[in-house]
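Per-chain numbering from 1; labels A, B, C, D and E assigned in written order.
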Amino acid sequence: MAEIYKLIHPVKYFNDYLTREVRPDGRKFNEQRNIKLNVKSLKCVEASAVVKCGNTTVVCGIHLKLAAPKPEEPDRGFLVTNVEVPALCSHKYKPGPPSDSAQVTNFLVSDIIANSKCINLKDLCIVPEKLTWVIHCDVVCLDNDGSLVDACIMGIMASFKTLELPKVLYDIETGHIEVDDAARTPLQVHGLPIASSFAIYKLGDRNILLTDPSSYEEDMCGGVGENFIVSSNKDLLSGTHKYGGNKLDTEELERALTIAKERAYCLENVIETCITNSEPTNNE
Amino acid sequence: MANLLLSPLEKMYILHGVRDDCRSDGRTNIDYRPMELETDVVSHASGSARLRLANTDILVGVKTEIDLPNNDQPGYGKLEFFVDCSANATPEFEGRGGEQLANSISNMMQKAYQSSDAFDLKQLCIFEGKQCWKLYIDILILECGGNLCDAVSLAVKAALYNTRLPSVKTALLDGGNVDLQLSDDPYDNKLLNVDLAPLLVTLCKIGDKFVVDPSAEEENCSVISLIVGATGNKTNYNIDNKKNESCTDSKCTTIVMNGSGSLAPKTLKNAIKQGIEAVQFLDQALGQALLRERRENVTMKKYSYGFLK
Amino acid sequence: MMAGNVSIRLASERVNPSVYSGAVLPRFYTPGEVISGMKDYMRGHGTYAEDDCLKASVAGVMQKVNKLICIRPLKNRYVGEIGDVVVGRVLEVQQRRWKIDTNSRLDSVLQLSSVNLPGGELRRRSVEDEQMMRQLLQEGDLISAEVQNVFSDGSLSLHTRSLKYGKLKQGILLKVFPSLIKRRKNHFHNLPCGISVIIGNNGYIWISPNVQDVTVQEQKDEIANSDLQPVNQTDRETMARIRNCIAALVTSKMMLDDTSITYAYEESLKYESVKSLLDPEAMLDVAFLTQHRIKEMTQE
Amino acid sequence: MEREKINRTDKKICIPGLRLSKANKDVISGPGTYELQGYIYANLSGILKREEDQKTKITVVSVESLRTPSLLPKTGDIVTAKEDIKSTDKDRIEPYKCFRPGDIILARVLPMTDAHWCLLSTAENELGVVTATAEGSPDGVNMVPVSWSEMQCPKTLVKEPRKVARIIPERLNKKTDDNAEKK
Amino acid sequence: MPIDYRRFNGPEDSVSYKQYTKNFLKSYEELCNELIDENEHRKDGRALDEARTMYARTNMISQAKGSSYVELKKTKVVCSVFDPREIPNKNEFSPLGQIYCEVKFAPFSCPRKRRALVPDAEEKDLSLSLKKALEPAVCRYAFPNYQIDVFVYILEHDGACLAGAINAAGLALANAAVPMYDTITACSIAVIEDKLYVDPTEEEEYVANMTPAKEGINHGIITVAMLSTLEQVAGFTQLGSMDGTCVINATEILQKECQNIVPIIHQILVKDVIHNIDLSEKLEKEAKLREAALNENMEEWKKLLSAD
């Protein structure tokens, strides 16, 4: 019955809820969904993380490769992040090459990671002009129920935090490479970037800011995916992105930033706790 | 061929025929239609063969190239199959129409040839870790009259039997490079050992029974068929024609179920046995034909008959 | 599984399937070849005029009717004429008509009004009939029919308004070049061997067990049942033999009619197993012997 | 074959492939089941239902899935559909006066004809447009029927022609309930 | 390889660091001996004929019509099924519905290499095998002219991927209420040095595909998919080189293994139904609450109507 109502009067249905100051899934406007994080759950990769924000599920895994650095940047390594949004995660995606919105998500996540400067590419260089690490960081979305970017960033950061690079011996004369798999050093991570998504809905003459929107809420607010994303790295704002949805005035923008800041503290906590909890199992 | 239409009563006639072991052209369920084979039909290829099985017409050319061996298999050469469904065969193949069928056949051939028991890739090695032969096996489907897989596998084996690799002398230079010297003499070449190369047999289930070598009409009546790929037998290619009784058993290199139906486990197991047996007969016939042709060509220069009838 | 029959012959062992007919071979024209000067003749099918000459546009033999010159192509799709008997396959059920494949350049049409509806000739065709069309003839069904009309674009309209035409039951369809079909008064034949053959003018040949004489309407249920009965073993073998004989004649490019098929069948009987007729040598032998008998007959 | 049936508040749970009953004249296979070699099997996971027809004494065995099954509409069902002019009868006289894109209609599914696509019919008094938004009106504001062929927008008071379904609002509840089951 | 502009590509000539570790190139004998100890126990402690315990669940993906997750120790497979949609680019009528299958490896799923994001030959082959196995299990007559999409994502590959994909797809289809003739289960076996390894790991599969030291030794992989109640083989693939007896022996073992998985699958499906019963009861309650709200609207509507 409710489903039919939702189908026939979609706008009315959504409005009915919001006028009562509650979202269709029972959350308050600035309430985020439950977060579950799990690191080192995949055994065949260097580092991995599984993130669940409500229903949204992403898995992140890191592969390590070796390559020669670019001639114009001889002392820098490579960090390649890719977000894959396969058809299985939502009916909105069809099989085949990635859709426009999937590409946007991919570029956006890469941008946020690069802009936050959490990894210094110089740390990845082994021998300048000769050899450097290539970090392939792949994020796969298994279930897209909104606020995908938040989950991706969280997955990537949790993976980085647990990544250890093997020791490499490079003979400059012969070009011979030897890798010692057992001796590893942790990757230097500077800060901890966090992204917070919002959807903006216009109800009458009122602007409603929905924190951590679900896929349904994103659809109702117009545009493709999240409307507004705030990314920060340890108290420092590292970027905001606004896509579609209703417009935002300064006051609301400030409110969004405050919420994002609070949320970042909370998520940092989650990541740190999760990693410390996973340590003992690692040392067995 | 998906587009072939049959009326329900025509299908019934075929079905009853298979049940009574008397098919529309008088064959029993285990008979093949007569085939015609000619090797060395494409002068620019290292090896080639053309096989015609009733209306099914297959042309295979083998091209050779020098390549770097794979990192994890330094002592091995490479084999690559490519199937082209010519739009000559049926208008459906126009554009990308035949792509799916072509992929499935080349995939099947790749799998059948994957094991070292089927084809020894070591014979394609030129210099371990540095240079190897890569054989490109191009399969052209000129006409479809049913039973493509079997015909393709026969033609491929014949073409490989006919393939000649030029002799190469190698020398290791400083810096780890290899110097290759190809022999100038066109007759200075070596043949491949393809005695064990696998053949595919399609067992097409029509009603409760299996038939081999289905015509296009018969394929249309079947929802499930089993394709069994099994290795050949050395004795069949023994030029001295000595009957060596210790004939090795054929080994399955690939088995696939094709179609949307299912099989009872018992039926499946019987069919696998039947398939292996059928491969042995097919291999024997192919061996005889290839030896006959080779013998003929020793005494006289090869005359190309080609496609003219 | 017992030893199956596998035979692989070499191209060098190929048999030349042509049989010497004794008749003078007609002149064979190739496209672009000059047939004659323009002055005296009229331009017919398969020809075109260029540089004051008449040239062939297809590969074939010349036919001359008074001053009209045509080139009849050797391999051709079926070109229908009113009154021809054809065998065709239903491709599509459309509004009030079926699309039929008759080996012509364009698909032929069978109107709902050109079909005998169950329950007598004089019934009015209603909307229900339109919805029942698929029950009458569905995609894939084979029919025998007569060419009722030839449209200006060359496509055919067929009709089955006679008891001898209509849906075909169990049997074998064989496709040959239409040019190999001899035009006869009758294209429905009950051969002496107990098999009936419909030699469609369009090159589609239908081989089926002998049809029992037209049964009375009341026994309709029984007929429907008998359609589903398996064909008996002897008939099946004979049908396969006829099929292979026709294939042999076609390979040797011999004209097909009831006589040549009957002769070929009789000559083939010296090969005991039907499947041995798939062998090219046996095929040639049968074709040759048939040719011989036809020649003898015409000499008498 | 009773192994997977669990009694839970007298609901019998079925899963695909479960043999439910013998099939004969009196017991026939219904939705969610199929018949094979004299037996009825489930083809959905859900709850078993046996319904006996009072007159014919025929029991229909069916399996009701609790999820909206991925089935296509059957002949005779009443469906709600988002209007898309193309899928309905193109030859209708002035379709624009009856339905417009975005409308929600009630329609009956006609038997599959030769064209092979799903034909819908609104040729009954109770079938037709249920909700529609007038051109230029904001989203979510639905027109109200004023006659069998006209609807009016309560906000802008624009009247637009429609083939209106004859539903008295009180009954809308019941009607949509039907659809939920059948869709 | 053409460059994929839709994604980020690393430097072209990069190689996995593992190539430079000591253990990269092991000989066949070494690998073979590592697989099994003197008591015929495998690396993970299993006996040769012992399958891994399967963990599975449904309703994994909220956005899909039906979904499932299957785990065979390290092998992790996710599957989702969506509502039927019209077959794209097709005009002719097809009386049977179609199943579109796509099997994809996560880029980080394989220990030996990073998987490319564009589908490769192995993925296409798996997709085809999955499709062939599912076709006899699904009542395709129920959705003529429509296509059901089945997506399988392999998060981690530790052997028996095809079997895992088939099991996951069977569960997801049942979960999506797609009519099916029967429950479908699948299992794999690897043959190495004439020994049969039930439910092989990735390492075992790798060795099974290698060239054995001696000629004529049975090796390879077989995967069988079964319809349990109807006792039919829905899918069968064999690869490698084995004699007829070996194939048939392995098939018999796999038949039993497939049967062993059936109770697990059944249990999950029954749980799924129970879950749905609970859910529908809960929804019914909620719906009643909402109805009150809806009725208010009705009143409003009625007023407007009568005012007109």
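Criterion: contacts are C-beta pairs under 8 Å (C-beta built on N, C-alpha and C of every residue); 3 or more make two chains touch, one makes a residue touch a chain.
A quick note: this is a predicted structure, and the numbers were derived from the prediction, not measured.
Dropping chain A from the picture leaves the other chains, by touching, in one piece. Common neighbours of chain C and chain D: there are none. Taking the mean of all protein Cα atoms as the centre, the chain whose own Cα mean lies nearest is E.
Chain centres here are C-alpha means, and the one lying farthest from chain E is C. Here the CA centre of chain A is 42 Å from the CA centre of chain D. Between chain B and chain E the centroid-to-centroid distance comes to 31 Å (mean Cα coordinates, whole Å).
In terms of their C-alpha centroids, the spacing between chain B and chain D amounts to 53 Å. Contacts with at least two other chains are made by residues 273 of chain B. Among the residues of chain E, those in touch with two or more other chains are 65, 83, 227, 230, 291, 294. The multi-chain contact residues of chain C, meaning those touching 2 or more other chains, do not exist; every residue touches at most one other chain. The residues of chain E lying in touch with chain A in their complex are 6-11, 13-18, 20-23, 60-65, 67, 74, 76, 78-80, 82-83, 100, 102, 104, 106-111, 114, 117-118, 149, 151-153, 155-158, 283, 286-287, 290-291, 293-294, 297.
Per the touch definition, chain E reaches chain B in the complex via residues 19, 25, 96, 121, 124-125, 128, 132, 135-136, 140, 209, 211-212, 215-216, 218-220, 222, 226-227, 230-244, 247-248, 251-252, 255.
Chain D meets chain E in the complex at residues 3-4, 6, 8, 11, 13-19, 32, 34, 36, 41, 43-47, 65-72, 116-117, 144-146, 152, 154, 169-170, 172-173. Those residues of chain B that touch chain C in the complex are listed here as 5-10, 12-13, 16-17, 19-20, 22-28, 30-38, 50, 154, 212, 273-274, 277-278, 281-282, 284-286, 288-289, 292-293, 296, 303, 305-306, 309.
Of all the residues in chain A, the ones that touch chain E in their complex are 1-2, 5, 12, 16, 42-45, 48, 55, 57, 59, 61-68, 70, 78, 80-82, 84, 86-92, 95, 97-98, 103, 106, 110, 134, 136, 138, 140, 142-145, 166, 168, 177-181, 215.
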